[in-house]
């Protein structure tokens, strides 16, 4: 039986625990044993330790990586930032032995050692490579019935590609999420701004209006080019922008349409029969239409 | 030996050509002595058409026809002259190529009539009466006027033996021509009696004659737009001078007083259409394309004296 | 009366497939002067050509029209055939009934057939008026003159000399070496300029086929391609070069001091001087206007100084040990016969005084060329970096690009080498003085050249500051002697200011003085910017409007050393290709002046793009004369001639009018 | 952020030590930037209309314009999206330069308050992002109130704090690490 | 027989003539009303040539040369356009429809452009109708 360490980070467990629920659900359904990474912390987020120095960043990440290493498992995360920060820290340490040495010097004071044996996955790549689309297809309970999905892989899931153990063939034309949606019975057309940043992150906290304007630009293109039933994100931060951010735009009367949004983990979980109430518990934009379309087909 | 007989006729012209003969001054005496002037109408001698008509065919040695053929009367006399004269000469640029007065061919006869007799400010003609070729007074006396036509060159009406350019021909050139005529040293029939070279060859301003190359014109100017440098070629200064294209029998009289040549001498032998050669030469001498657009009114400039004798002869009706 | 044969080609089905050959043949028989009409499946094949040849040999025809494909490819073949049969090769016209008829109107067979008839009619009308024309040949002098002894001229001379040709290398200065010898290092390889150039200078001087004529200028040019007679004025040197050993005694004892041009006046030389230490030939000259001997002679009628000749015996100072001083020296003239000429007179850099906004009066504002001398070990500071004003070592230097280049007030062109030499300067300085602060102001950085971009990035990594996007608007001298530079940084999107110790201006590359006169001497024209102009930018980049006169190096436009050398060797090859065969073919299809008709109006002379039309006395007046060796056969002059004195053989006005008549007839 | 009122930038301000510091802090490839602008054409900061965006930040860095960079808070709005790193033709790694500038800025306490807040949360709870009311939200998703992270394990959290104390945070944090 | 335009093209041998050859090689078709007279350079074109053609009843006259900068003889095309522009103004003032005379630069590689230009010119001439100066026509 497959085993994997579930790395939660901060935003998922505290802001969108429904995504945590969904990841847990889908891993269970797909027969993957979840290994809890007790004592795991923030990845750390780019605005924290990474903005202080490389060693501090690597040390904070290594703390988390060693937990998985000690349990002999790889790591999965549903958050792009966690995926990026952990992998980049790994990349720094694996490429520069002197950094790794400094990190381990610190870690040794608490009896830990970073070895570099655990890989860090995101949900997309784990489903695509470790589970496989055929296996996934075989397990679905609810077909998406042609649900039209606009996918948003998210910047950190793509770049910097050098730091990632596995990735899209062409990071400027990502297809893995589209293939997953289609494996579930949906349609996921390409659109021209598919790799554009959603605006969530530091920009959102430092210049909220500009961040939302950037997001609106992307959303308008999605609406115009493919007019989807739902937006599917590969990153929890993107989900927060697509869902709560969109709600803000609507509230500010800057948007005259709404498109519900789900994390890819939520969508897979629903298709695998998850409790919709729990799997979408924190969604701001109502998902009734989407759920009806999926469940109505059965 | 009898003196050669000469006839002179002024058709559609101003009489300037007659004046150029008078300008021969003392030489005129010799000319008059050497020739038997049998007809000179309408200016100098009191001659009647019927006298001319009565002369036997080929009885006159030389006929000088000046002015263009503008009406039925001119046409008639041209034919009579052709019949009576052994040698018929188109004398002056009007007879040879239409002259300045052939610019009328840019308009129709109707337009000209109406302008002249109805629409000019000084005309009071409320009934819009136009001259008629015939009018019967008191139901019995018929008065006639010649019929006005497009301006034509003499050779568009009858065969011409020789041409002399100029508006009018320069008297020195006339003297030379008459001398040649009297001595029988004439070029092949159909040619111009001319030195055969352009005004440039006799122009003091021509840098080529001083061993210097000619330079392109960098501007286009009309005479009132500046004061030319008397030492320099007018064309180089932008005053469009047709000296290169025009016979220089005048001795370059206009350029010598800073007036650009306007082409009254007519084209150099071998050139069929004065204006077209002028277009080619002048356009070639401009430094850039934009200058072409600055040339005002090309027809009046390049065909000032030769419109009737040009490739179209007149403006085409649309 | 002409006996015209018309030969209609089927070109397999290519023509016959669209044109009714039979109908065309029948029609052609009705044309005036046409006596024979034949058709054949492939007219260009041997049997096809034999048909034509046989009819000529049999005396049946004396003019030929081949109705077939395009004359661009097949005219030479049929001309050869006609000539082989004993007819003048220009008694042939082609009617292009394939490329411009059957192929283009394939689906309109009757249209194609009618058009074929008219095209043949047009060709017949033209060939009827054909005149016999003859290709002519002239002898070519197997020697070349190279004007300018800089790097371009030297390489051209060496290549030609190595091909066994006699070369005269004429240089204005006492020594060859040109601008390149003044440079410190060269980009992008950072070779020491003098180190790579001096061996070549020696090679030039010692080459048995090169006659080096320095301190001399071209005075008069006669003749034309293949046979130039060029008079060269060797300036009076006042030192007998046969005796001068280059020992330098005179240059040390001469009391007259003059600003040294070689170092742009930043130090002094004597009136008796050797241009620079590595000069080739290493000979001294006396600069008469500054020499006390001549000055006093002029003023008082008596020479006041003859130190170089006699020394100062009481002080134990000896005069010229070789007894070479020759105060009565005179300019000397030599006339040289050459087949071709290469002009390689290089460039000069623009003077800083034009740029009032950059405080040119400040000695600390220098041109890049002056800066080269400051950096050079043979320069006024012996290679030590010093502020000209006070001799201190500058800590901050600003470099300003495009000074006079890309500037409609001066030169609209890009001087091409400035970006790179600015980086070169920066690199030399940064490698020598790592703490120096260098600010390079560019409009934009242009580094098109092999290894140039790498050079730029490398230099940036040395910590050189690149400010892009804004021209510097002002350099002002502050009370403390420093220079305030004001510019705009487009990357910062802000005006910027800098206080610098020195400012280096990358002034534009200009044509050297006298380029226009030189061009006029050789009938080679200058472009709008004053550089000598190549005859065709793409196809004939080293040829000038004057046949047999080639250009190399910066006299044609700004370029760097590799480009100059490449162009000079190309010019050498082009000149060699012209003179080595010893013969030159003059085109038959050219213009000719009937001088009896010429009115001396001069319209044609400036019109000719090849300067082939000259004025020459004929019957007491200057008339136009077209030199057949120079005429390229465009016909521009014939179209303009107001006296119709110019005939363009092969395409006469009568022939073209006859074609028009033929094509407009019903 | 729109406080930048400098009209003329004095290039003599150039601080070579600052450039050295940035390079040490991760801007290794800084001097290779040729200001081609490729990053600027894709940078979310530029697209969103921030005045000081990636390309200008790098240029100011190469000029050593310390004050401008430290004073301007734009670097803190960088999304860390890394698209610039992916496409930079000179492999300058523009994002690393942003991080280097941030690192230099925090050393002189020039950073937004939220940065300190995140660091405090990270130290205290193990989570830089630590929003209120998460317990409620977790319940809605049918999850226990606390996730099995350091939040749930005091001993492990203490250990984590021990680790952080040995990092740069010890020097920089404007709050006591106890 | 119905009227068919008669069009005369005077083409420089380096560019437009070659372009016409290329049009043929590539089998681009255009109306067979087009007849080319080859000259070495558009600078060889005399105003007389165009005038003669018009006077003799050609329905259209088209001068083809090299693009600026491409002239085999450096600047023949510059001379050509100067003469052409001036002639066209003169002819227009004399009542010749300006549409009947045209000058265009068509390079040796523009076979397609040649065919297009000829097709367009032919269509334009057909719209204008026959040259009023054609023999026998009433002027």
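In this document, chain identifiers A, B, C, D and E correspond to the written order of the chains, with residue numbering beginning at 1 in each.
Simple rule for what comes next: a contact is a pair of C-beta atoms (placed from the backbone, for glycine too) under 8 Å apart; a residue touches a chain by one contact, two chains touch by 3 or more.
Since the model is a prediction, treat every value here as computed from it, not as a measurement.
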item	value
Shortest path length from subunit B to subunit D (each step joins two touching chains)	2
Other chains in touch with both subunit A and subunit C	D
Chain whose mean Cα position lies farthest from subunit A	B
Far-end chain from subunit D, centres as C-alpha averages	B
Top chain pair, ranked by how many C-beta pairs fall in contact	A-D
Middle chain, criterion being Cα centroid separation	C
Length of the line joining the C-alpha centres of subunit A and subunit B, rounded to whole Å	97
Gap in Å, rounded to a whole number, between the CA centres of subunit C and subunit B	51
Separation of subunit C from subunit D, taking each centre as the mean of its C-alpha atoms, in whole Å	59
Approximate Å spacing (C-alpha centroids) for the pair subunit D, subunit E	70
Interface hub residues of subunit B, defined as touching at least two other chains	277, 280, 284
Residues within subunit C bordering two or more other chains	607, 636, 639-640
Of all residues in subunit A, the ones touching two or more other chains	none
Pairs of chains satisfying the touch condition	A-D, B-C, B-E, C-D, C-E
Subunit B contact footprint on subunit C (complex, rising order)	597, 599-603, 605-607, 615, 621-622, 636, 639-644
Interfacial residue positions of subunit D with respect to subunit C in the complex	6-12, 14, 16, 19, 31-35, 55-56, 59-60, 62-63, 65, 90
Subunit B to subunit C touching residues, read off their complex	196-201, 206-209, 211, 213-216, 243-245, 248, 268, 270-271, 277-278, 280-281, 284-285
Footprint of subunit B on subunit E - complex, ascending	46-48, 51-52, 54-55, 78-79, 81-83, 85-87, 89-90, 93-97, 132-133, 139
Residues on subunit C engaged by subunit D in the complex (per definition of touch)	396, 437, 439, 445, 456-457, 460-463, 465-468, 486, 489, 491-499
